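In the two complexes that follow, chain A is the common piece, with chain B as its partner first and chain C second.
Up next, the complex of A and B:
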């Protein structure tokens, strides 16, 4: 049976050789000596494409910039890009495809919180690091889940805090009206706005909750007008935000400042055109988390980089919202070092504390914190020009400023 | 039993069961997730077809019963600790009970009035799921924990797949029986002409109510299976888009036929996945291609794909399943 001994010895030798020669055998999925595969997704088609196309392009651009500089610790970033259409079914499908078919190292994506929440249980069960793209709903990050990092330009709590803070501090209001949607965005926005106003002894004289598909805001606006507020704080989405501004102008309420959270005005010029009444924007403000409005140099710098990557496409105002999360991922990959694993990446994200020049405040996470950015600005917009208002307003992580 | 019952459907059910146990050993979870979703839609679409294709009732409350099934089984599990195996039949029965309450007034209506009344009910149901915060958690949604079936914890698509295959197999067998039963014949008679059916001694109102209730039970059951492989539900999961999706599956596949509905479920269910593979520049055209396929299907295949197949290749022998679909003919007279 000498031949059998020979075969056995050969097999043992081959196994040992394989074990020595294959350092990647024990590596996490999507990771080789030369590449890190990231699954990038967002709405690239469908009615909410405006929230995802430019941000996905921006994130891709930032990874390509990192690759141009030689990659991260010798590894190039490889992207697998998918369209999630901002629906829960599509997000879950895309996430499962990226994890089990494309075997990505980590996930980066999502522009709609309600949709991506549907995939969170799976992501955390599979222990796949996940960085949200530009979704700004609170439910995905509060309460925190270990493998999810998000709110790279704020949550509804942050947007609400900025508007309410400005109304109290600069507009010196005593009576406020709030109008929000009857969904998770609206719930978080309303609770924070109310808490901050009441802490400052500002009376909430009206709090209207409207459906996202509302087509006539006459009733809620009449109720608000009857309540005689000093300010109207709106958390509406783009189409209802236009209706609110139109009705507000039509009813001659423009002596009362109208303050709109950022989700209602993704493209200011389009918003102004749709409102169609310059008088409605004479006392209009909106929230924002990026420095590009006040700093032309920053705006031009990133628009130019975008143009160099996508010569045929003009960057929309939402392009910049795709950058902070990509910047954070690159920063954390650098921080995690060459011996990268999914767990070491999560640890690096958790200890992240840096301020990209494009953001109002720093990006910080922690063991019990998964919302990255808590600061916001207020911008005055008259339909033509945007003017940054003084002050940066930072949500305290609990119930106020 | 009425009509010819060949061995083929039973072979199909056996193949489904075999695949239910074999595929989880071979495929990544993504494909199993798609499979689970298709099986859930198959139950949902068969239930809709019972009303639309078999009894000719142009009713749109189906998605509401689906939502009732989801929320009932999820809440029974989350709030009362009722196991899946008990919770899902309760959810299906509850959907059937609500279906009965809706059916009594709704079946007095016909054509566009029935469609509008039932659609209004579906909208009301979605509004309740969204507004009843204290129970459904409204738009924030409910996180569903993994069901436990006699110690078999269904935490993944891999583990859910055989269970879904068994449930679908049981639904198919019950549907095969139902459509060949006296009730099935009565439904076909009502679909073809309520007056003739009535003159033949069929209690039209009672039969329509039974069809409505059974359809709601199937939808509730489909909702129960949703909690088997999904971990989150919010009211957006039971809206107009889902209703149109299921309606499309039935119409494109071929209403009034089990095979047609299953073909529609597979094709329309997988279409987005095929379109997803389109080059990135073409992604924005997905909706257009989707719409184009639907328009062409409706224009050139009024009896659905199954009807087209039959007219091209099947034997000339007439079958009840091949009769013109209600959706293609318009509302029942």
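Up next, the complex of A and C:
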């Protein structure tokens, strides 16, 4: 009968329409026609709050700036912000909550590599795109994991390469001493530093590996002093970095340049105050990868934007470290287009290649590359002023410059 | 030259050993007078350091006055802890075995440690790593090739003064003698009219005061964080080396440990330094459980 044929045709048509429409119905979580939901997290309380509060604020500020300009392909960015306290337990809890309860499209966060690596397996199993905030530990991005993108201001290898490169090129050293921690961070630093120095025929006269919780650095510093190096390259964390600088001053070693990787000096003024001896900083250098040190205009520009978003809060020196990852996420969302999916976002991140004005070098990823930034430079710091030294040093991704 | 290196390491080890010794003295005073092992010794040290910082930087007191403030404040903390939680816990009978009843008291000291650490951590000022200005500043002093800071000399001097004061206190004062009597036999001490409860309170106050002094001396050398009390493990090792019942033993044990750690750092590896106290504890417990200056205790049955 004709009416049955009509019903049959209608049903087939409806089924076909449903089939065509199904990709839209099964859109990735956290994505609507008008919004992209991003789970943003970092240490907002606890002893490591200094690493996360300003950077989380900075990332939020960058997303708000994108929204002010009309959003990305018609979608506004909506944030769900959580505090991970920089502990592995909290990171895992926060990540699971953001993925399963808040149904975010992607994750953006983490200031402490050791803590966030605890959530890596879950994130990659669930295939949720994840951009690290300002954590820069090598083992979060090397070897690469498909859904994780990080090291937006350089890994330990990058900072080690910058310091060693400067020592060779500008200080013309022939004998170097290295002091690092006996963990993944330290191993990465030591291997890179040693490789670069040895390639330049610089003799490594002392290589001291110290525990992260060391309370007395007398023995390693005495060994370094006895080795008579032309330079001391340190990859120590903040507290041991202060102890090293103190002892270096006490033992009258200040004719030897002391070069410290950036993680040891998150807030230069606090570092100088804790060292307590201005003489210990007369020949002191540290690694850095942001142009705010050498370019007052850039420093002021971003400090002003921050002030306009957070009038009651003065931006700390770590604020800027929260920006490159947010810039990369916005750039990749733009690149992925209106037909955004988690997979298309990952593909867009993989093909990123741009240089934010705040960074020493370009942000680049690739099929087998998840560490974004490989350039750094050296800053001379006397306890009061920071002076950017000449040359940008770029790690080659293997064992040298 | 290796001999210069070892000499400098030994000098530096003596200085850090003196600080371990002061904390060890604090542990031993509590143990001798109350039979309780004080696991909050490190946190009392940490609290002393922070009170010192507050007095010196915030209230701008002079260093001598700051010392007095820290000692008085820490004495009050120790005495109050003995008078309220410990006395309450001691008043309960948990088992028929008197030694088993010490377990809740030890647990209470662990609780005190966490309480103090948590309390300090919630103060916004402690979020950042801090450093207490040293007692004495100025150019280092050279003894041959050995470099000593004025602060190092101050640490040794304060340790010597504290040892002399403690010897005088326990040897020549009525309270000191009463404390010794209480530590040897509390029941007999009570029978001859010694107020045992007050003696325990004084012992805790004294121990906390000593930990506070150690905190002031250590804070310029070791950065201040709520976790800086972890050095208590080194004090335990110092006390075990010297003998857990000997005051002189604590000082000798502390100095031996400080020097040994530096020698291990130079001759073996800095990584091995952290293990040194635990190896020493094991060796002493196996070879000479009473420590270098302690005496074996016998119990008649």
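Assorted remarks:
Just so we're on the same page, the second predicted complex is superposed on the first by the 377 of 401 C-alpha atoms of A that agree within 3 Å, B and C clash if a C-alpha of one lies under 4 Å from a C-alpha of the other, contacts with A are read in each partner's own complex, and residues count from 1 in each chain.
Everything that follows uses one rule, which is that a residue touches a chain if its C-beta (ideal position, glycine included) is under 8 Å from a C-beta of that chain, and two chains touch if they have at least 3 such contacts.
Small disclaimer: the values here were computed from a predicted structure and weren't measured.
In the superposition on chain A, contact of A:93 is made with chain B only, not with chain C.
Of the two partner chains, both chain B and chain C are touched by A:182. Of the two partner chains, chain B is the only one that A:118 touches; chain C does not reach it.
Shared-chain residue A:199: touches no atom of chain B or chain C. In the superposition on chain A, A:81 contacts chain B only, with no contact to chain C.
Once the two complexes are laid over each other on the shared chain, residue contacts for A:49 go to chain B and to chain C alike.
Using the contact criterion defined above for the overlaid structures, shared-chain residue A:276 touches chain C, although it does not reach chain B.
The interface of chain A with chain B overlaps its interface with chain C at residues 49, 182, 211. On the side of chain C, the complex with chain A involves touching residues 1, 4-5, 8-9, 12-13, 16, 121, 127-131, 133-134, 140, 147, 149, 220-223, 225-226, 230-231, 261-262, 264-266, 269-271, 273-274. Those residues of chain A that touch chain C in the shared complex are 47, 49-50, 182, 208-211, 213-220, 222-223, 226, 238-239, 242-243, 250-252, 267, 270, 273-274, 276.
Those residues of chain A whose C-beta lies close enough to touch chain B in the complex are 44-46, 49, 81-83, 87-90, 92-94, 96-97, 99-101, 114-115, 117-118, 120-122, 125, 139, 182-184, 186-187, 211. Of all residues in chain B, only 28-31, 33-34, 37, 130-131, 138-141, 143, 155-157, 230-232, 234, 236-237, 241, 272-273, 276, 280, 283-287 touch chain A in the complex they form.
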